[in-house]
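Have a look at the structure below before the remarks.
Labels run A, B and C following the written order; every chain starts at residue 1.
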């Protein structure tokens, strides 16, 4: 297979060279000895692991360079670049942006085990019909809470509406934060007929006022740590990753109604000039040892079923079919289609 | 210092193709002369000066200096000194650097510059101010620096554009003396633009009175004052009684009218107002259906008259000037 | 007698004026004070009252390779922008004020227009233009983009100085024998320099703090400090951000003070 790949790569390169010779400004491609894979990736601890360990490893394995963009906003940059020569080969974002991207034809619909063999080993959620591309990790969106403020540990999403939490509960600016968007859908399910029952969700949202709103997830983490918020919507990683030196009395609750999935999704751009390499990268990211390193680094639940995490992580992350069954995946295609209306409505509700 | 004559030959200049600022002016200024261009604002005196300096080039006519046609010589090759109303000192340079500027442009040696700057500052009594900046000087001192800066290059011609206009009255008179004295000492040809007739009369060897871009009259201060040729000149210089009773307009200076007992008078009238001027009193007297201005100098006993007093007016016919119509 | 004169009655207007100034000062300085508290606070979140004083975030900032690379890049870009915008903005201002150009009002508006456009659009438009032209996103492209939004500041301050410029001063120089070129270098340039450099200081700061224009124009491993900070904030909202902000503020201040000292903007306040 390696042989075939090399010959195909050569063919691709030759093709690209011919095409380049016919156009202006292409000598850069002709002279490129090593290929460059352009990806987006997160910053923070994740970014450190990528830059320090995983990207060098991948570069060595594939004799290539990886240019990792950590500067937001990824989607507008991809949009602005040419589809035939996209700014990124591998597009890493949360699921909601992947859906926007696929509708504009910026990324592939689906990646299968044919292109990425490791997909054969992923949990169903990682390439379900709610996912474009393939998910490599997920977080569980639930409730984070202080254990030192005398509040009853929450069990249900409804517990966030406890009048005692007035002004001490935390949520998001829904138009800009996908955790806030997930929360809104969850309100529809908990208080109404289902995830898409927006009327019930709006009504429930109204009941959560007064509520402290943030735009970054990191801000919610800090507000819980500093005690500014006693209970708030957050992903499990945002609580668990602070164990250790700065341990604060904060815990995470997976509500009985289920947790919302915050998937880390990889996808490949159709116009990529190094598609083979792009798929290889996705495959690499699904490799059990890579998955384990990142999962334990940032407390994300891995997509690959074969990953064996250390006991500490295994206990808290979604690593068994039973635990995975509590994961609810939002329908972003449905949500994105209504986003403008929803934004207008929630802004009005939360303004007061 | 060598001085040069200046000649304007039918010089015309208009701006934006419409307003004629200077209209066919011909003037001859002698070498070493203190020559004033006098007139109201907009009369073309400043434009004439700027054409001599080279800031404006005439639409037609020629400018000669020292017998040479310099109409097409650029400003920086004309070798003239100029003093501006706003002083136009270089605010970022010291007094000494300001004065040295023209010498530096001429490539004069360092030691020579120092010597001549010191001499020029001594001429204007500013020794010791070398290292001040213009902003640290009074208006009069700034004007002296401007003068020193202009004369240090030993120009053939010194051009002054209302140089004393920004000074208060007292300082202005003092500077008038100093400037006149300096000009005589240096023997330089000085062209002086002013709208102040007293200043022009006090300082000039000759004056050109300008109006609407044209020269109305050229002459010595006495000629201009005593024998104004046109109604404009008569009116512009000092106070005047215009007597429009004959075929030609005639003029009579207020000081030529004597206030006498009504019995000896040519005309009997009544004092309307009496303005005390210190050394004299200016009366407005209504007589014969019009108003006369009469100036009475206070020599010896003052015989004050008040408004409402009956007075007689008398004058000599030889004092009446007949003007060109 | 003097006691009676000096004992001023209570002046409401004066007191209100003083009060307003104090409020404005507080409004400007309190946020910086909060940033400082956060920067010195040992916990990775704002705890109030502070639980201690620590320089760990400054250490993290100065030891962070990404931060340092971004800081140097930002300084380098800002320095280039300073020079370019001073040259371009100064020349433009002179041409506009002196050139007797047809359509001067239009040209002025045109050069000022980068200020009217939301900077994020300028960044996006340039990003697309660069990609379309196939030049990628080189550092000089970023410098050009910053210069584009910085030039109006230099233009404004220089035009203001030129507006109050007594042209007789230049005439005085030329009548004293200075050729037009010498007039420019001996008189015009020194006199408009305070305006040009005041604009240059703005240009430096506009570039150094520039976020929206940079957003699309930086490349991986070539991000400017504001972009790095913004992205850092999304994942690690800790005191390193505050430490970086303090360093930025101090650096910007240092540059302004240094330029002031070097050029002595005060020397010719009176023109």
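Definition applied: a contact is a pair of C-beta atoms (placed from the backbone, for glycine too) under 8 Å apart; a residue touches a chain by one contact, two chains touch by 3 or more.
The structure displayed is predicted, hence computed values, not measured ones.
The most centrally placed chain, judged by C-alpha centroids, is C.
For chain C, the chain whose average C-alpha position is most distant is B.
Separating the CA-averaged centres of chain B and chain C is a span of 51 Å. With centres taken as mean Cα positions, chain B sits 87 Å from chain A. Separating the centre of chain A from that of chain C, both taken as means of CA atoms, is a distance of 37 Å.
Every residue of chain C that touches chain A in the complex is listed here, in rising order: 43-48, 124, 127-128, 131-132, 134, 215-216, 218-221, 223, 227-228, 230-238. Partner chain C is touched in their complex by these residues of chain B: 53-55, 75-82, 84, 86, 88-92, 101-102, 105-106, 135, 146, 149-150, 153, 159.
Those residues of chain A whose C-beta lies close enough to touch chain C in the complex are 24-25, 38, 42-47, 67-73, 76-77, 80-82, 85, 87, 216-219, 221-223, 225-226, 246.
Those residues of chain C that touch chain B in the complex are listed here as 166, 168-169, 171-180, 182, 186-187, 190-191, 267-268, 270-271.
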